[in-house]
Amino acid sequence: MEHTIFILALPLLSFLILALAGMKLPHKVAGTIGTLSLATVTVLAYVTAAQYFGAGRGADGLFPTLVPYNFTWLPLTESLQIEMGIMLDPISVMMLMVISTVSLMVHIYSFGYMKGEKGFQRYYAFLSLFTFSMLGLVVATNIFQMYIFWELVGVSSYLLIGFYYTKKAAIAASKKAFIVTRFADLFFLVGILFYGYYAGTFSFEPDVRLLFSAGIVIPVALGLMFIGGAGKSAMFPLHIWLPDAMEGPTPVSALIHAATMVVAGVYLVARMFPIFIEFAPQVLHIIAYVGAFTALYAAVVACAQTDIKRVLAFSTISQIAFMMVALGVCTSDDPHAGGLGYMASMFHLFTHAMFKGLLFLGAGAIIHAVHSNERDCMGGLRKYMPVTHITFLIACLAIAGIFPFSGFFSKDEILTACYSYAPMMEVFMSGVAGLTAFYMFRLYFLIFWGKSYYESQLALFEKGRIEKKPHTPHEAPAAMLIPMVILAAISCLAGFIPFGEFITANGEAYEIHLNTGVAISSTLLAIIGIATATIMYMKGQNKVTLTMKVRSKKFIQAAYHRFYMDELWLFVTKKVIFRGISRPIAWFDKHAIDAFMDLLGSATQTFARQIRTFQSGNIQSYCIWFLHGVMILALILIFLV
Amino acid sequence: MIPAEYYLVLAALLFFIGVFGFFTRRNLLGVLISTELVLNAVDINFAVFNAYYFPEHLEGFFFTMFAIGIAASETAVAIAIILNVYRNMRTIRLKELKKLKF
Amino acid sequence: MELNTLTIIFIGLSLLMVAAALLAVTTRNIMRATTYLLFVLFGTAGLYFILHYTFLGAVQVTVYAGGIIVLFVFAALLIGKGTRDLTHTSILRYTAGFTAAITGLALTVYLIFTHQFPEVQHPVSVVPMKLIGHTMMGVEKYNFVLPFEVVSVLLLACMVGALLIARKR
Amino acid sequence: MNILNLFIVIPLIMLLALWASRNLRQTRSVMVVGSSLLLLLAIYLTTDFIAQRGAGADAEFLYAASWQWYAPMNICYSIGVDGISVAMILLSAIIVFTGTFASWRLQPMTKEFFLWYVLLSLGVFGFFISTDLFTMFMFYETALIPMYLLIGVWGSGRKEYSAMKLTLMLMGGSAFLLMGILGIYFGSGATTMNIMEIAALANIPVNVQYIFFPIIFLGFGVLGALFPFHTWSPDGHASAPTSVSMLHAGVLMKLGGYGCFRVAMYLLPQAANDLAWIFIILTTISVVYGALSAISQTDLKYINAYSSVSHCGLVLFALLMMTRTSCTGAILQMLSHGLMTALFFALIGMIYGRTHTRDIHELSGLMKIMPFLSVGYIIAGLANLGLPGFSGFVAEMTIFVGSFEQPDIFHRTVTIIACTSIVITAVYILRVVGKILYGECRNEHHLALSDATWDERFTVICLIICVAGLGIAPMWVSNLIDGGVGNIFTILHP
């Protein structure tokens, strides 16, 4: 497994080349460097996976945890040290595949999407940086390495969201994304510090006795770490950065904000899962409730969005919440007895990465075609973009959980896991799944069906109402279509991967079997959702939709504004922190502390000016003072001494 | 025989009247006049101490004499300065003489 | 203390001197102040006579009353009319000076009456001129030839200095 | 010839040569040759020091030497270095070197400027190599005084006010310091001024320690921008010319932390243990307070100055946590902050030199106009907010992990409070980056501005390499300083 080092080294190398010399390279060369290195990484990742899983299980029936590289990067205390290395176990190998696949797709796709953009080389440099950091994150041998790459991932996300750095919204979004996740990372860091102190190590396999003796601190530490994960994975109420992050180029949204980085939180919880389940099952359940609420919240909000990327963003939030729920409902690490969620979560992570990546790439193709994010500018596109249409439909079916697309299988496992934890949870999550189907198909119909915006514009143009001839939507170039088709194929087929064979909570093989009741009920709900969407949106705005809109105007308004969460955060940051704390502190510094120092200065000066008049050169006053002094001295000497 | 204390009290009175004048005068000549009073009072004391307590030697006597001499020279110089100041500044009021101040 | 001629003269002189001194420091007119100073100086000469220091009295009259006052008068006359009037001082300065003077006076008087002076030895009579001459020019202990010379040099220096300062340039 | 003496001799020769130089060319060549020599010397010293330690030289101070110059009080010119001072000397040499290039085009009176500049660096080097309290103090003063002229003459804005304020406050600090030094001298029996000997005697009575520990700590703390004695820093930095800001924030503020460690804590360990909590509270306030007030500043240099308050607060904070790791972290933070702030001030100076404003409301879209400087600024910003791969991260993490070694509730709480600064730092850095670099340029006068010249590029690249080098390979630095920290640590925890 020595070649794994190249999985990390190549993207880093290509980042360095592109960052240092990129501006001088032609676009094509820069893109090729990035893509080639990523292709090699992908091949290596698959080779690694083949070797790893091909080697089979060890004597104990588990896949071994391999650590081909590990060295001490920075010794801190006698016991604690930051190590850097590569660790291979089932989930990290799976993540390697996911990341390299999606990343490669995005690299290829970007050739078409970003063609001719200014800063093309920079874009590829950042992509390489991101891929490097994300890969480093998943193969981390210890929590601190994870944190380091976690930060790097955050910064590459920041750079990529702010890629269009002349756009105001992009600047604000990138800043917001970084600061919100940084805020969450603070908790992550504190959690790590607690964990490190009590476990005596940063590694994922601490001395259990030490953890037992630490008592309540470990659940607290794990909870804090989860907050960090919630920040990256956009759990309520730290989700606010993700919709705004859609200001970045769409392929970036596909890679970072749909497939890979945002699931880092899930990955973190999965990574720490043995410790969670052993020492803090209650924290896991809190995670489940947070996840369930987030799933519902995001699904509802997604129904009311008009910007197609925002819809996808909220759908991402909702789907990640599904994964969190799946992890949270685990009650043991045995997949047969309450530990199914772990596998389900990882499975969903895998399938979701594919179909959500596909959705974003499709959205990118559409945006590329109509030059807008707003669904009002779309409609009736199926004629113009057949391939995009088909792949998008596949992705929608997958996310809605329709047999035999991959989403069906993974979502079904999640719901089964929920059911084994609490039937109510299952009902609730199935409802959210139905809602998912609804809003995805709403989106689908609004884009591809209904009245064509282009045609209506064209009609207006011909009548002479508008001056500019509207831009004809066109199918995307091959560089964009190929990745979409590949991902669509994976989305179709991934469900049949015997996932339980490879990844389970305790490492033992688990054969996925469908829980028929759950499967049927969830499929039914999904179909209901799709049907509703079909009725409401297939033929454009019809009566039902309009009455619904009028009836629940307030609610829709609130959902459109994401239930005013952004306004709340804005209030907290702008009004409370900036105006309420920072300004007063700056004022206090200037007018109290600094003024006090100035006062010392001016008091000295004033005093000096006052006593200067004593030194007036006027002998008479000298004498008066002298005589008074003499008198006082004389009186003292005569009467007191 | 007049008691020595009478002379001393008189001298003290003169002395402090001189001091008072020295403080309150606003004019160089006035200040100088007050100084003369002070000197005078001291002269009286010298003479009285000599005459009453140590008549065998003439120390007080001579001190007074020298003091008178010195007072004379001092006054001469002082008045010369005052005249000079007046010639340059056209005033001898203390308030207005502040060219050397600060 | 019996009330004899000498005493009466002393009291008269004292009253004159104190009154003249007070006027000398308070009057506004510089010429008057000089005149009052003259009275004080004459009074002092009188005191010297009472003490039988006739030579001293004579010196006082000639040098002080004769010389110095003349200088004052000349100065007062040379300096223009405008500056001759003495202006008021500030009330603060006035009180400060007054309290200082009064306190000092009180303290001094207190000391005079509480201090143990040595036994009073009655003076013989008028100091003979011969003795004065010897003492002034003598070189033994309690003789003053050196201070005499110093004073004479000083006087010379003052004379030259005063001329130098006051001469027109 | 003791190699350490060269750190005094070279600046002295440079002073003479500068004095004799006739024109700008000669002045510049003297500076380049001299500062390169210093840098090479510092690098040689570092490698040689590591080699000697590797060869088993385990004396507390290497290259130790001593010449008495004032017998009645037993004041010696004693020199010697341990790992910490070697690291500091290296830092100073780097900053002096890059600062020379940062003020390459400084006008007018270039020669005079460099004269004072070299005198300042002489003081800094002298301070770091001395092991005699009084000699140390003397060099300390030598380093402070030129600052007044450098800011007062070559500064900008309210320079006279700032220079006066800075000098007075720092002088106030050194008054405390002198008091403290005399306290230590007499407390330890008035036999020696040598730090090592005093530490070996370890005979300063506890009640004396209680008096002089706060005094010395405050004295050095003023220079280390300890709340509430930090207000000289914003005004001073804002008015100072570029290279002076660099040297001041980069090196001079480190004198404070170094002094606190080497003098206050090393010589008065008992009081340091007992009274640390007072200063921990103050430094925690510094950390958070500096960061928070940086958020609402509008002048680039003010932002950076407050950020320095926050970061230097973290240095003192870590020292007072008094675990071995946190102390190592403190030294790392000194190095890291020195390099990062120098980089920051250099970039701000370059931007200011072009746009003639530092108000973030008047700057925008610089990325398009001066890409090199903007990228440098972003890198500096990211390093400042503790991005892994740059020095800030290493230092901060070492500090936080080290501070967590103190398990009681008080230390835990303040550590967590101090941790929040990493978020606040992100806020003010990104705010500035978003405001001045991104977006469209709104001021058409700025459109014609040029990007960095070769000397500026050289400065920036040198510093970025140092920052990244320290961030990527922190091992050797932490090895270098570990020995020195260990010695002091043993005294603190007998």
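Going in written order, the chains are labelled A, B, C and D, and every chain counts its residues from 1.
Everything below uses one rule, namely that a residue touches a chain if its C-beta (ideal position, glycine included) is under 8 Å from a C-beta of that chain, and two chains touch if they have at least 3 such contacts.
As the structure is a prediction and not an experimental result, all values here were calculated from the model.
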So using the touch definition from the top, which pair is joined by more C-beta contacts, B-C or A-B?
B-C
Can you tell me which chain is nearest the middle of the complex, judged by mean CA position?
D
Between chain B and chain D, what is the gap in Å from one C-alpha centre to the other?
67
Using Cα averages as centroids, what's the distance between chain B and chain C in whole Å?
7
If you average the CA atoms of chain A and of chain B, how far apart do the two points sit, in angstrom?
98
Quick one: chain A and chain C, Cα centre-to-centre, how many Å?
104
Multi-chain contacts only, two chains or more: what residues does chain D have there?
none
Which parts of chain B, given as residue numbers and ranges, touch two or more other chains?
19, 22-23, 25
Residues of chain C that touch two or more other chains sit at 93, 96-97, 100, 104
Every chain pair meeting the touch definition is listed as A-B, A-C, A-D, B-C
Okay, in this complex, where on chain C does chain A touch?
93, 96-97, 100, 103-104, 107, 111
Note: in the complex, chain B contacts chain C through residues 1-10, 12-27, 29-30, 32-34, 36-37, 40, 43-44, 47-48, 51-59, 61-62, 64-66, 68-77, 79-84, 86-87, 90-93, 95
Which chain B residues qualify as touching chain A in the complex?
19, 22-23, 25, 31, 94, 98, 100-102
Within their complex, chain C touches chain B through residues 1, 6-7, 10, 14, 17-18, 21-22, 24-26, 30, 33-34, 37, 40-41, 44, 47-48, 50-53, 56, 59-60, 63-64, 67-68, 71-72, 74-76, 78-80, 83, 86-89, 93-94, 96-98, 100-102, 104-105, 108-109, 112-113, 117-124, 127, 131-132, 135-136, 142, 144, 147-148, 151, 154-155, 157-159, 161-163, 165-166, 168
Note: in the complex, chain A contacts chain D through residues 72-77, 80, 82, 144, 148-149, 151-152, 155, 158, 162, 165-166, 168, 171-172, 174-175, 178-179, 182-183, 185-186, 189-190, 193-194, 196-197, 577-578, 581-583, 585-586, 589, 593-594, 596-598, 601
